[in-house]
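First chain A sits with chain B, and in the next complex the same chain sits with chain C.
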Partner chain A sequence: MVKFIIRRLVTAAVTIWAISVVSFVIIQLPPGDFLTSYEANLRQMGENVPEEQLEAMRERYGLGEPIVTQYYKWVKAILLHGDFGRSMESGVPVSVLLWDRLPLTVLVGLSSILFVWVVAIPIGVYSATHQYSLMDHVFTFLGFLGLAIPNFLLALVLMWVAWSEFGQSVGGLYSPEYKAAPWSMAKFLDLLSHLWIPMVIVGTSWTAGLIRTMRANMLDELNQPYVETGRAKGLREWRVVWKYPVRVALNPFISTVGYALPQIVGGVVITAVVLNLPTLGPLLVRALLAQDMFMAGAIVMILSVLTVIGTLISDILLAILDPRIRLE
Partner chain B sequence: METSNQQGHISGVPLGPSVESGISRAPDVTRIDELQEEYDSIAIATPRQLMWWKFRKHRLAVFSAGVLVIFYLIALFADFVSPYDPNVFNAKYKYVPPQYVTFYNAKGDLSWRPGIRGLIRNRDPETLRITYEKDKSVWYPIKFFVKERPYKLLGLIETDIHLFGLGPEAEDFRVFILGSDRLGRDMFSRVVYGARISLSIGLVAVFLSLTLGIVLGGVSGYYGGTIDNIIQRVIEFIRSVPGLPLWMALSAALPVYWSQEQRFFGITVILSIIGWTDLGRQVRGRFLSLRTEDFVLAAKLNGARDLRIILRHMVPSFTSHIIASLTLSIPGIILAETGLSFLGLGLRQPAVSWGVLLQEAQNIQTVALTPWLLLPGLAVVITVLAFNFLGDGLRDAADPFSH
Partner chain C sequence: MPDILLEVKDLHVNFFLTEGTVKAVNGVSFKIERGKTLGIVGESGCGKSVMARAILNMVRPPGRIVSGEINYYSQPDSPPINIASLNRNSAQVRRIRWGEIAMIFQEPMTSLSPVHTISNQMIEPIQLHLNLSKQAAKNHAVELLARVGLPNPEQLLTRYRHELSGGMRQRVMIAMALSCNPKLLIADEPTTAVDVTTQAQILNLMRGLQDEFGMAIMFITHALGVIAEIADDVVVMYLGEEVEVADVDTIFHDPSHPYTQALLRSIPRPDMKLKRLETIKGNVPDPMHLPQGCKYHPRCRYYIPTRCANPPFERVSSEHRARCARIHDIKEQLSEPTS
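Presenting the complex of A and B:
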């Protein structure tokens, strides 16, 4: 087990390194060096930029030096000082904006995964035990529909329904009165009452695939002799189903969840834009549209690293559940 | 969908009476020689025939194939199907809701041809928004095969005939069966033209991913060893990072001065660079299992070169599977393009794709007041559903010997 975890940790570390390279490439992609455009930007707003300050920034980011040195300086600043550079659009350090929005991003992502699990497992089991029944077909169809509707479209439609039917505005994560309020129980409850919408929207597109995985796994297991044995011994049907085959069928399911994570993170990004959630998604879109590349690169990196950590956790969980994986 | 399995099986070996349900057109086959004929036809059927029979069983897949054929024909003949130019502004008809087609003419008599009512324009005194009301005293018949703006059919034949329109008698009144947008452009024409880009981007990107997938997956599975290891790590890396933010960042980095065509191609390449991994994995898996087959060894002993063995002997044995997975990967690409364009990071005006059209409906105010701007989304949903069902049917049919 220790060996397995170490091996997975090494892979994750290599992946994170590769992610940092890709993010750095993204920062470098737009033509010209960013300081020139930063300077032009400030001048345009009527601010005078002292030459010493520009020189200091040139030194700080290693501009004009070989690209490897620039990468090294960039990574070093992040690792040692948590310094992701400056947002060119607002002039605020990127890290300040990131930490501000990171917790809610994680919260929305985690709750979406939770939603997917809570919905997909029981429905998958039901569909398998009632194969070809009316409800099985209904769930399959709904699943396909969830797969086919783009997240943002579902978000728009839900917002429209909420607005026209209930006269309620559903954007954001807090009601206006709690937006600036300090944390309290009431604010937390308010957050929960807003959280379910992105949760459902991101979840629907993923439950479909997972219901099908769960259903297929269950169908494989239900034909096993041990299930028959359980029945022959006179166990109640729900016990026969939930105690043995479900537990076996869950294993491939958990690994699918690990693989679904990158897609869920992507889904959260686009949904958050429509719903105007205070998460990293809208920040990323704004940064990209404004060609604020330090910001964009940092967000891509943070989102990817989060995904890798999530996958790592789900892999380790899976290994705890299923000894066969450790021995591979 | 698995449902098809229930309705009948075609087994490769004609043994049981269950075979009859697989192919007989008339279910009351009783005479023994007719049955025998059926058995024989299965025994000598080529794999391709077996696949076709199995595919035909999957009614939803056949229906979806029909829907997709119609959609692609509409895209191909967009100039003919659309009544108006998708980019022509018309200040007089902003945000016209979809017009109802009615068979009752202005006098209230039933007419043999469909038509639409006139519009009365009002301005809301409080919000100053323009609203429209049906003018029951006017009725414009919809005419088919009318002569309107000239165009080149398929880029070859010059003509000015359009599927439908109001004709010259209606003067400057217009038919908006899906409504019009903020500049008075006809949504139906825009959706029809948008189909061109939205439907072709899936095909082009899938073709690129297929090339990447077969080359890299093939190399990986055929040679194994270090190169296999490297390619597999790359695939794992691409799969472990969230695709959408990466797509967004890469397309934001496309040069601003690029033309529409260059941009289309750039986005397609970005989508396939990230999308080839699934296909690559499958191709590799197939190669790994085929490598040890006798027919591959036989070809090798005959002195065939590697490339010949791969292309002539190995690839044909899994084409059907590849076609099925290709079909299943098109929806993802269409959805990705729609999402990117919706965010303003994909294709841009004046290019017309379904994602670009949905950009108009980005905020809740627009959606609440002009819900018909969401209709391009319906086109996306139908296309994606159809591709999913078709791919499912093809996947089942790709293995005609399994049940």
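Presenting the complex of A and C:
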């Protein structure tokens, strides 16, 4: 087990390194170096850039030096100081913008996964154990409906419902009065009352697929002899179902934890824009539109690292839960 | 008076499918005596497994026990419990499962859970039926594993099924099945998926355990040869019906039904090395479209259209019955010297 985890950790480290190279290439892609565009940007806004500051930045990023040195300096700044460079668009350090949004992105992502699991797993189990029953058909229908309705439309509908029925301020994750407020219980509750909309929207499109997966996995497992054994032992039916086939059918789900986050960030950009969510998605879109390469590179890098960490977590979870995996 | 443990009376189990109804068990009756072994034999698809599940009331939709009785006599003089009349999920049925009647399956590989330790799976029924503490249940499991001839039982408890060989898995299943001292052990083709050596060992083990624990065994197999080694009485099944019922000596030395005779001729025997083995001609018919009249007639060498329209389940001697209209002609025909 320890050997297995160490091997996975090494693989993850190598992957993250490869990602950093790709991210760096993205930053380097636009013609010219970014200081020229930074300078040009500021000039355009009518600001004057002191020559010393430019010189300091040139030194800091190793511009004009070989590309390997530049890469080395970029990575070193990230690793040692958490310094991702400055956003060219706003001039604010990228890390400040990231730290502002990353926790909320992860929060929306994780709560969506939670929502999806809590909804999809019991429904999938029910549909499989009551195959072709009326409710099985109803769930299938609702699932496909959820799949067919575009997210942004659902977002608009839910916002309208939240506003007209509950009198909630819509958009964003906080009510205006809490936006700048320090963290408190009230702010947290306010956050929760806003969180359900993105949670449901992101969840709905996913849930349908996962219900199908769970149902199919369960149907495969339900007829296995070990389920019969459990039944023959005199266990209650729900205990047989939840202890044996569900446990086995869940394994494929665990591996989805890994790519859930980037999928959510990438997949719901439009929703996030409509909902005005302070997550990474809209930030990435704006960075790409503005050719804000430090910003874009950093977000790509962070999302990829999150994916790698997620995959690592699901691999280890899977190895703990499924003894067959440890064999290889 | 024989001491009856289980009495199945005119049992019917159907599967209601969209394409039609499959009469998987079609009016079977038999008795199992306390401590004895009943062999159930028949080609694959004749309803043996469905019947075994029906005895534990474990047939699930689209299948259902449509009629018949399964009378279980827990004690020699206790009134019977009709298992067929109980609710499939009732506490009463669940108490009988494993506590009174335990079952092992054909596939020792897949009848154990892939993701739970042997310990977890063994302790579960012990705690459920014997109300032992976890530690006491564990000790009991260790004793049982040692009894079925598995080395290092303590260590074995921490293992998963994929870490065991086929023979070991079936031994674990047997140990598990005996853990709550059942009065009846249903063994559904327990030796079909293992090699010949292991098969002999497992049969030996089961005989030894029967002497020690005193449980009755219902031994299901498609191989008549195995029956000779373990059964006291035999039920031969064909397409959901019993075609012949007798004690094991009669079945092997004086069978009445053409199907039993054909099964006997298809057993490999050391003294017949040079002769080619006979196989029964034709295939098992589609269960959705059963033959009219005698179900065996399309494959029977003695078939006469009018005579065989509705074969009675005829008494050959007091404990010997066969479902054939021509029992007596066939006897004569067989005793005539043939060239």
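One rule holds for everything that comes next: the second predicted complex is superposed on the first by the 289 of 328 C-alpha atoms of A that agree within 3 Å, B and C clash if a C-alpha of one lies under 4 Å from a C-alpha of the other, contacts with A are read in each partner's own complex, and residues count from 1 in each chain.
The definition used in the following text is that a contact is a pair of C-beta atoms (placed from the backbone, for glycine too) under 8 Å apart; a residue touches a chain by one contact, two chains touch by 3 or more.
Computed from a predicted structure; not experimentally measured.
Set side by side, chain B and chain C differ in how many residues of chain A they touch, and the one touching more is B. By the touch criterion defined above, A:236 reaches chain C but does not reach chain B. Of the two partner chains placed by the overlay, only chain B lies in contact with A:311; chain C stays clear of it. By the touch criterion stated above, A:225 is placed in contact with chain C alone, chain B being left untouched.
Using the contact criterion defined above for the overlaid structures, shared-chain residue A:43 touches neither chain B nor chain C, since it reaches no partner. Touch criterion met: A:289 reaches chain B, while chain C stays clear of it. In the superposed pair of complexes, A:164 makes contact with chain B only, with no contact to chain C. Look at A:29: by the touch rule set out above, it reaches chain B but stays clear of chain C.
Once both structures are placed on chain A, no chain A residue is touched by chain B and, in the other complex, by chain C. By the touch criterion stated above, chain A contacts chain B in their complex at residues 15, 18-19, 22, 26, 29-31, 131-132, 137, 140, 144-145, 147-153, 156-157, 159-160, 163-164, 169, 171, 259, 261-263, 265-267, 269-270, 273-274, 284-285, 288-289, 291, 296-297, 299-300, 303-304, 307-308, 311.
Put simply, chain B touches chain A in their complex at residues 1-3, 6, 236-237, 239-246, 248-250, 252-253, 255, 331, 335, 338-339, 342-345, 358, 361-362, 364, 367-368, 371, 374, 377, 380-381, 384-385, 388-389. Residues 53, 56, 58, 89, 93-99, 102-103, 105-107, 110-117, 121, 124-125, 128-129, 160, 162, 173 of chain C are the ones that touch chain A when the two sit in their complex.
Taken in their complex, chain A has these residues touching chain C: 224-226, 228-237, 243-244, 247-248, 251, 321-324, 327.
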